[in-house]
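There are two complexes below, and they share subunit A, which is joined by subunit B in the first and by subunit C in the second.
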Partner chain A sequence: MRRGRGEPSEGSPTQKMWAAALAVAVLLALPAVLSGYAVTIFILIFFYAFLAQAWNVVGGYAGQLSAGHAAFVGIGGYTAALLFERGVTPWIGMFAGGALAAVLGAIIGYLGFRFGLRGFYFVLLTVAFAEICRILASNVEAVGGAVGLYITFTGNPRQFQFQDQRAYYYIALALMLLATGVTALIERRRFGIYLTAIREDETACEALGVDVLKYKLLAMIVSSFLAGLGGTFYAFQNFSLQPGAVFGIPLSVEIVIRPIIGGAGTLLGPILGSFILTPLGEVSRSYFGQSGLHGAHLIVYGVLLVAVVLFLPQGAYPYLRKLLSRRNIA
Partner chain B sequence: MAVGLTLIFGVMRVVNFAHGDMMVWGMYLAFVLATRAGLDPYLAFPVCAVALFALGVVVQRGLVDPIIEAPHEMQILLMLGVALVLENTALLIFGPEPARVRSPLARLAWEVGPLYVDVARLVTFAVAVVLTLALSLFLHRTDLGRLIRASADNHYGALVIGADVRRIYATAFGIGAACVGAAGALVSPILPFQPPTGLSLSVTSFNIVIIGGMGSLVGAFIGGLLVSVAESLGAVFLRPSLKELFSFSLLIVILLFRPAGLFGKRTP
Partner chain C sequence: MTEPATSSNRPPTFRREQALLLEVHNLSKRFGGLQAVKDLTFTVGEGEIVALIGPNGAGKTTAFALISGFLAPDSGTVRFAGRDLRGLKPHEINALGLARTFQIMRPFPRLTVVRNVMIATLGRHRDTREAERRARAVLDEIGLGAKAELPAGVLTLAERKRLELARALGTEPRLLLLDEVMSGLTDAETERIVELVRALNRRGIAILLIEHVMRAVMSLAQRIVVLNYGERIAEGRPEAVANDPRVIEAYLGDEEVTRAPA
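After this line comes the complex of A and B, so read on.
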């Protein structure tokens, strides 16, 4: 594709470490001063940033546009919720869900990459798999059918349930930092360089002897595992899972749109995207929703998406960085 | 409907994610014409086609044209944005309740031996056949049609022989949109619709086009028949809510083994 060419960024590594540590410290301290509603918004920001970062590994760095990431969230959530009904704590179910999501990711990735589906064809493949998951989940009564699953509230932290929203705040923050850490690790290693190279010119990579299939598959597995972990968080924060909500195309769109607007294939792009879009979406949803105007936030998303594609094809983060560095020179 | 999509994709290699939403706009237009002006949708469909033609040209000129050289992914994302705007504008204006256009024709049925033939569906089918034939004739027999196919085949070649490729693209996009507009108006008495219908319509038409083969009008037509037969059979033998399962499974199989579709020549 086209974005984030890994140009050397400004500031020495130690400076960057300090900036990151400061940002994390501020986020850790924030709940003490925030209202309940603001905490909820931050939970969503972190959670969507986490999913966006997971998508970023395969969609941003490797340039394989997946439009079916909701499937992984759904699989993860359903697995953890079903295991919970049978007495397994979600703290374990979470990883079981991630593993199952990774298996599905591996299957989709293997089929898609092995058969050389690129661009639009890969998009369709991922959409088709996600839709099949949705249809199956809403028709199989054993997993709740169209009604979905409801989780009985126990408020027991050992069962991933908390009375206090701030607990979810810290878990969501931890998830976001985890995904970002994984991505940073990938970016620095040869693996990340291979992924970027595959995005820029797959044929050239193959000619140089890079095992393209293997690396794309690995990226897909990492990405779907992370998204699967997110499913558990979703299930146990909302105490319910509906097939349309967790497997549907709208969730996939939410996941794709954040890194694209923030800057796909950059470490901070998905986070920036979530910090821009989530509050915007939530505020316009509740503001217009009160007057009975549903869907207004999606119009905002649509307009932003069109604007970004036309004017900032690299996303907002690379643009901001360019602006900052220009000011430093001047 | 898929005929329109295949024209847009086949000619410009632009994936129109807003396709279903454009169709829903065609439906609502027919709805407004029927309720406000008392115009039967079977007479109003040319109006919808013209309106959607204009919308298609505007979208192409204003949004797609500037990034026509950009990678495919960017155009997918662009059209996704357009789809979000179109769908939710419809939601704002018309609300989430399902709408349906009434037409006296929709209540008629002919008894042919042991079968009941629904007149409305028959008319829709006939118009679809005529439109597909007309479009096919247009693409193969007229200068503009030949230019459209030429630009699809070789962008630079068409530029070299002096074709106004931008205008041709705008025309092709407009015609594609006009097809969905007409299709939307024609099915509006049969199919109850609401704004989110657009998304599933888009997905269905991608299905049809991929199965039939990108850029092939005949393929789109036969793909449409195949998908509806598969879904109807699925609904008969299994639960109706499982019917989409068939078309998606069919889609995956076709994507993997015959990505150019049943009637397509190009490989992706």
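After this line comes the complex of A and C, so read on.
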């Protein structure tokens, strides 16, 4: 046989394994030398990378631009928090939240895909869905209404609560690695190969025997399940859930913008995007926030987004990969 | 233009001895005021090569879309290998062994050529290695083996036509619907595709082709069905169809018919 895989080769599989192992080892050791503030930044980097990777399955690989992924985070968080009030540990509530998010993801996906909503129309459907969730959560007193839910601090690890921020660091890291592992698995199987083709031309896929509706739905289910898991982390790291924060458009934007900047539909794009944007967002947020310019970090996002669309339309990671492989040849 | 209604309902009288693979019966489709396909009836036998010809706008591509499940007919039936295709989705029809190409080619431009064909082979071979092996075999047969690692978007027109064919072939069909796979090609390229189609047919794949390149149609087709304004106006062996006055009239118009060369 000629060259190995269908994709252009970049580094042998063993090389990649070593690089990944090294990166994970560094991230595992890092809290030993990081300041408390740096640890909280890394928690956000991992957590947003995790949500971005979850989005990447349906938004990047399958090319279905969900702009309401915050809804799944909110549903997952609310489910775990409400179950916690009734004595169920968030370690279980987390999966209940993920499952409920997956069910709703399947329903939204079915409505959108069955009736052929594409491009902007699917974007609008998902935004509307998240907004409906936000308005419902704000107005139903049983789930805390506009005030939201507050979680009493116990500091008990069995209740997903930790005195030490480094515990959250490791959980967020584990979530990011979980989503990336799932995506890597999907990427090399039939499912993932189909998704990349569905993104390019659904009609051609149908003609070649691909059940487009089924695979788009599966992608949506995997994606919303993962995002739903993230809700529990959000709730129990912040000890509170506000409808505007977890269902709102700003969180959806945070989720979408990372893979787009880093490289949607690539395995490492969402992670790279989060490593670029999260520190930038945090620094500019606190810098501008001090001078009373709240929300100014969004201007930084906007400028970066325009720059990426203009100069690196595939995202930063594919560009980086090209640079590296060119150097290898030289 | 007023007469052909009577002759178009004449049942096909050719090759009755062959087992029927595709049976199209009284198929009709209307788009608003346009009757795109009207009471179309024809068959394709097991292992046969049939050409569907007619002037631009005669309803050929619409007929393909109706057969392959991309459009639902207003009335009429399509049976494939004895099975009624009513209500089946295109991917289900493909899984039964009926593959089509598109007149306006639809490669996945950012995927490599071999990945393009893998989308087809994965349907019957879930294992990605096996699917890739089969995709490469198809590409070699089609003459695109050397381009396997290129993104499909960079292929030339002729290569894209062949990729379209390779992908349809990758689904391992019993019947291949080819929509103008030779138009826009040079004579040499056309000749290669003709040879290819003949080779596929020898392997037992039945072919239904839409084609404007008459030389290719005449040399390939065992039977020709002629459409005009959505209706079948003639059917028969290539020589008979070529000399049929109704066909000449459809192609050249009323005034020309007396002076038209045979």
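Following the convention adopted for this analysis, the second predicted complex is superposed on the first by the 322 of 330 C-alpha atoms of A that agree within 3 Å, B and C clash if a C-alpha of one lies under 4 Å from a C-alpha of the other, contacts with A are read in each partner's own complex, and residues count from 1 in each chain.
The rule is short, and it goes like this: contacts are C-beta pairs under 8 Å (C-beta built on N, C-alpha and C of every residue); 3 or more make two chains touch, one makes a residue touch a chain.
This is a predicted model, so every value here is computed, not measured.
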Touched partner set for A:V210, first subunit B, second subunit C, both or neither: second
Superposition-derived comparison: subunit B or subunit C, residues of subunit A touched: B
First (subunit B), second (subunit C), both or neither touched by A:P157: neither
Contacts of A:G181 with subunit B and subunit C, given as first, second, both or neither: neither
Partner chain(s) touched by A:P313 [first = subunit B, second = subunit C, both, neither]: first
Partner chain in contact with A:L124 - subunit B first, subunit C second, else both or neither: first
Touching partner for A:T196 - first (subunit B), second (subunit C), both, neither: second
Common interface residues of subunit A - those touching subunit B in one complex and subunit C in the other: 1-2
Residue numbers on subunit B that touch subunit A, as the complex places them: 15, 63, 66-67, 70-74, 76-78, 80-89, 91-92, 96, 195, 199, 203, 206, 210, 239, 241-242, 244-245, 248-249, 251-252, 255-257, 259, 268
Of all residues in subunit A, those that touch subunit B in their complex: 1-2, 63, 65, 111, 115, 117-121, 123-125, 127-129, 131-132, 135-136, 138-139, 146, 249, 253, 256-257, 260, 293-296, 298-299, 301-306, 309-310, 313
Subunit A-touching residues of subunit C, taken from the complex the two chains share: 68, 70, 89-91, 94-95, 99-100, 102, 106-112, 114-116, 118-120, 122-123, 126, 128, 131-133, 136, 148-149, 167-168, 170-171
List of subunit A residues in touch with subunit C within their complex: 1-3, 5-8, 188-190, 193-194, 196-197, 200-201, 203-212
